[in-house]
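Sending over a structure as structure tokens; questions will come in a sec.
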Amino acid sequence: AVASNFLPVARLLAHSFEAETGHRVKLVPGATGRLYAQIVRGAPFDLFLAADRVRPQRLEREGRIVPGSRRTYALGRLVLWSPDPQRIRDGSGILRRGDFHRLAIANPRFAPYGRAAREVLERLGQWQALAPRLVRGENIAQAFHFVQSGNAELGFIAAAQWQALPAARRGSAWPVPANLHEPIEQQMVLLSPRPAARAFHAWLLRPESRTLVRRSGYEVPADE
Amino acid sequence: MSLKVDLTLSRGEFRLQAAFAVNEPGITAVFGPSGCGKTTLLRAIAGLERAARGTVRVDGEIWQDGDRRQPVHRRALGFVFQEASLFEHLSVHDNLRYGWCRLPAQERRIELEEIIDLLGLEPLLQRHPRGLSGGERQRVAIGRALATSPRLLLMDEPLAALDAARKAEILPYLERLHRHLKMPVLHVTHSTDEVARLADRVLLMEQGGIVHHGPVEELLPIISGEAGEPASLLRGRVVGHHAEDGLLEIAVGPLRLLVPSGPLPKGAELRLRIPARDVSIALDAEAASSILNRLPARVRAIEPESDATCLVRLEVAGQELLARITRRSVRELGLSKGKAAVAQVMSVVLEGIQEGESAAKRSRCDC
Amino acid sequence: MSLKVDLTLSRGEFRLQAAFAVNEPGITAVFGPSGCGKTTLLRAIAGLERAARGTVRVDGEIWQDGDRRQPVHRRALGFVFQEASLFEHLSVHDNLRYGWCRLPAQERRIELEEIIDLLGLEPLLQRHPRGLSGGERQRVAIGRALATSPRLLLMDEPLAALDAARKAEILPYLERLHRHLKMPVLHVTHSTDEVARLADRVLLMEQGGIVHHGPVEELLPIISGEAGEPASLLRGRVVGHHAEDGLLEIAVGPLRLLVPSGPLPKGAELRLRIPARDVSIALDAEAASSILNRLPARVRAIEPESDATCLVRLEVAGQELLARITRRSVRELGLSKGKAAVAQVMSVVLEGIQEGESAAKRSRCDC
Amino acid sequence: MSEADLQALLITLQLAGVTTVILLLIGTPLAWWLAHARGRWLPAVEALVSLPLILPPTVVGFYLLVALAPQGPVGRVVEALGGPRLAFSFAGMVIGSVIYSLPFVVQPLQNAFRAIGPRPLEVAATLRAGPVDRFLSVALPLARHGFLTATVLGFAHTVGEFGVVLMIGGNIPGETQVLSIAIYDHVEALDYASAHKLSAGLLLLSFLVLLLLQRAGRSGGTRS
Amino acid sequence: MSEADLQALLITLQLAGVTTVILLLIGTPLAWWLAHARGRWLPAVEALVSLPLILPPTVVGFYLLVALAPQGPVGRVVEALGGPRLAFSFAGMVIGSVIYSLPFVVQPLQNAFRAIGPRPLEVAATLRAGPVDRFLSVALPLARHGFLTATVLGFAHTVGEFGVVLMIGGNIPGETQVLSIAIYDHVEALDYASAHKLSAGLLLLSFLVLLLLQRAGRSGGTRS
């Protein structure tokens, strides 16, 4: 089970893993909250790549994981993005001016990127002012759709999404400094002790994998 | 061959209360004004009115008694509804076969082909009901009900939409059929002609109740009087047949009547229906005229009927014969109670032939 | 007051081809065997058959001509369908009011109350159609059509489900109504009695075509002959009224007939319908009997009709009168072509009263 | 019940109400036409009407979002005509719901119209009722049960629908956040207590609304 | 089309087929009963049947998951009786789809049965047809249009439904991943090209299936 936002990277990793080891990896993408609810009720997943830290922590507390398998595999980065190349010129300045109609974010209540976006706005002192103009996607992917389709002029999306865009369509963007929000720690946990699952767990933490993750637009934890 | 009914049912202001028994096969005409409950009675007998309470017995088999109730499909009846109610999703042929197929082969007493022939349904077989004319629909509905070889046939104005020629074809067949199959028939109709031609008994209804029930001889004068056409019925016996003239000789007491008809077995009992308007009165028995039947009679009573006419009750061979004549004639002929006269009978309808299958012979005859 | 129809329509094997014109008000009976296209003709005139091609004109107004077609709701017609087809979602009263409400007030020529009274609908007004009996439904349907004060009334067997008493109430009203409103009526029926009582003209159909169209005098013998009841029509004129006996004196050529009837204006032209079975033949004009009308006649022809009976064509005052008598009587009386005789007429139906509104007076009279 | 939930409830009822009315207004003539039209391509049109059902709501929502965007085919036309922005607005949600619930309204109506048969309309025509009059005074009342079903299905489906509405509406509290989204949010945020409460409330309310509808439809008298 | 997509297609058709058949089997007697029953609480039952519609599918799915899970009330009983695992299995998805699509099948059937009226059944009874026979030989063919609508709505809704199925099925490729989820995943993973392709394919296929259904329903002859 893998958080939807990480799916493209997970695919690449799974491919190389399969090529190397001959194991087969089935990726089940989904919203972290839903996957959690399913795991609690016995879903047959071996490994869970969550989009946050909260759900893995809970699973650990509830004793549903292979002890000691909770690890941070990526750190998410936020980008404030507009497809319009002219719009974002002075970083966070546009947020203060507020000369736009709609700002898309992921739902701050449960989506990690949404929570981070909210922290950014709060630190900039704009949360109150901009709240009525926010449109919230169920997850970061929907926030991306809102902006990409042109319905919202700009939005906070994942750096990984922005990097995946063809250069011509990257428009203007402001990579949000990491100090403006708590780190978006994406953690994973092992749910079954099957050797193949262990192997993939370990594979994800290899330096080569971490490089790939970083190139895809994520940070990785300093060291392990 | 017997039907015993004792049913009650309330519905709004209308209340049906009907008890009667029929012990011979034959056709019972159900007669009465619109809304008197004829359809309701038939439905209740069939078991289609769940609110009906009471008993229904057919041939000793209990169809309904208190809380015991045979479901409708276990009652061996045929029902021709007032509106044809064909199955719109089936062709005419499949409509006819619907009940027929559901009958165990050994219970099939009427051939489908026979029904199709008689009702002239051949050209319609492949058609769909929605393309049929009113009369065509009704013929199919009759055929469909007959095809189940019912033990009791309930027919709600089945001939209303048919033309006279069709009727004339179907009526004798119905008669033959019910005699052959020995099944009782309840036949709702508004036509006194149909009653006279077809019925053995009449059930006269009014406001949900049965006001009269009896042999057609007794009731026809009442119902035809209500319909403005009083008539009398005389009992007679076949004496012989005059083949050269096609005339049947019938004895009514000591008197002889000649009635156009094919031969009938000697001694057969007959009923002669004679409309009052077809009886005239003369004083002189010997006048030469085309009226063959001139019967010595005596005036029993003279009842004024309208501004211009009277109904004269005559005694003929101990039986009563009605004549409708003008008041002027009464005066000119000097008719009065007790006076002797000659009843000139212009037409006779032979009814209720007791023996012989040839019910088709029963017909109106102008003498 | 005129109706001109020239329509064709094909449907499967059935083909309607009907051209006729009616130039006076009055009732045209549409008569013919089941499936001959009567319903289809009425529907085509109303504009309900989209496939019908041709012209329909009413009072000079063009309802249909080639591609020009008035939609149905623009045609001022009343249609009584063969099945009552009430609106199941409306009460009886709302059914009656449906068309009435949609009529501009100044076009309402019949009061709703009048219709309700005449058809005896008062007790049904608050009821819902699904609780009505067959006859009740039909009465409502007639009332609903009349309530639109139509310029042309199309009635498809409207009286089939009614009992004789109701019919006797409704028929005279229909007659009065159409005379009063001067609207042509097409009336489909299977009953020759209804034709005789009601119709001014007959449209005789067969297999989609019109085989005869003419005044009822001409066609009644044909259709009643087909129905097994030949009759003749004589033209006459009112001469006077004998109040004491309730008899109307009518001149047919030089002859006089006495017919039970209320008074009618002197000189009024009448048609007298005389069923062949109600005519007997005598040789002696002077016999005393209750038969008032004894007319000198001459035998024109004698046609064998059945094994027992002949139809004798008599000449009476230059007109033809049919008598049905037995072959034996023919022989006994020695009747032959050219022989003089006396026609004894037992009943006369007065038809087609040309003046005076009192069509209700038209009735069968036994003399 | 929080204030946000209450607002969501109001918006839900408003959305379902407006949508149902519009559905009936559009669906009735469409169903009438389908019930009476003849021709070889009629089944094709009928199939077409059912198509919105086939795609998952979020995907329908996604395509609608693209279409309604200011640069999208529909959005461009609407804005050129001086119309309002459709995305993230109540109007947009109504459009989405209408499209997505259309088959539930059209199909029962079509059957109801067909079941009436031609006779009552012919009778009405001979009684001087023009086409519109006939439709209103005869077809509508006789198709009562069909309308009841159409209303119930249309209303209920709009209340429960959330994929399309989420995409087009953007989940703006007090503006486009409907109850179904609110419940979903509670579940995603692992706030099961609120989710249960809100679900129970929604069910109860809907039950009452449906009950009233059934009663109303019945009081007209049953055709049986 | 990838192999996974093809598998998803097969599972989708299988699920929709099985669900539709079960829906018709359950819905027909239920609709028959509703069409003929009398009583004050009848509207309540009718309203109850429509209720599953009211909650968003994911929420219905959530509750079903809770119920069907091995520890859940239903799941426990079923497993105690030696039944199969319901959560995250095809059987579970069928149960979810059936519950969620029930109103779309029951309502049209109910109307169709009601429109027949009592007369044809009375006639059949006088022609010796018992209750079951009457139902099969008269009610069913006369309710043809209702069955067509029920089948179309039931089938289409099951194909397009994805919230319930996602929740109960768990989106396991080759097992419980249906096409609607696959499309959703493509969209979420911003893989628009695949989503478009798959949507188009699904629409075309469904269009053909619906067209065939309509044709079949029509060939029985129109009642008009």
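In this document, chain identifiers A, B, C, D and E correspond to the written order of the chains, with residue numbering beginning at 1 in each.
Here is the rule we go by: a contact is a pair of C-beta atoms (placed from the backbone, for glycine too) under 8 Å apart; a residue touches a chain by one contact, two chains touch by 3 or more.
The shown structure was predicted, so the numbers you read here are calculated from the model rather than taken from an experiment.
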- Contacts common to chain B and chain D (chain labels): C, E
- Furthest chain, CA centroid comparison against chain C: A
- Note on the structure: Per the C-alpha centroid definition, the whole-Å distance linking chain B and chain C comes out as 26
- Item | Rounded Å distance between chain A and chain C, as computed from the means of their C-alpha atoms | 92
- Note on the structure: For the pair chain C and chain D, the C-alpha centroid-to-centroid distance in angstrom is 57
- Item | Between chain D and chain A, distance of the C-alpha-averaged centres to the nearest whole Å | 36
- Could you tell me which residues belong to chain B and also touch two or more other chains? none
- Message: Where in chain D do residues touch at least two different other chains?
- Response: 62, 184, 187, 223
- Message: By the touch rule stated above, which residues of chain A touch at least two different other chains?
- Response: 34, 37, 142, 145
- What are all the touching pairs of chains? A-D, A-E, B-C, B-E, C-D, D-E
- Task: Write out the stretch or stretches of chain C touching chain B in their complex.
- Result: 11-12, 32-35, 38-39, 82-83, 131-136, 139, 156-157, 160-166, 168, 190-192, 226-228, 242, 245-247, 258, 260-262, 277-278, 280-284, 287-292, 306-309, 323-333, 344, 346-347, 365-367
- Touching residues on chain D, where the partner in the complex is chain A: 62, 65-66, 68-72, 85, 87-88, 166-167, 170-172, 175, 184-185, 187-190
- Note on the structure: Per the touch rule, the chain E residues reaching chain B in their complex are 119-120, 122-131, 133-134, 137-138, 141-142, 144, 220-221, 223
- Which chain A residues qualify as touching chain D in the complex? 31, 33-34, 36-37, 101-102, 104, 107, 109-110, 132, 134-138, 142, 145-146, 149-152
- Item | Complex contact set, residues of chain D against chain E | 43-44, 46-48, 50-59, 62-63, 103-104, 107-108, 110-112, 114-115, 117-118, 145-146, 149, 152-153, 156-157, 159-163, 180-181, 183-184, 187, 195, 199, 202-203, 206-207, 210-211, 213-215, 218, 222-224
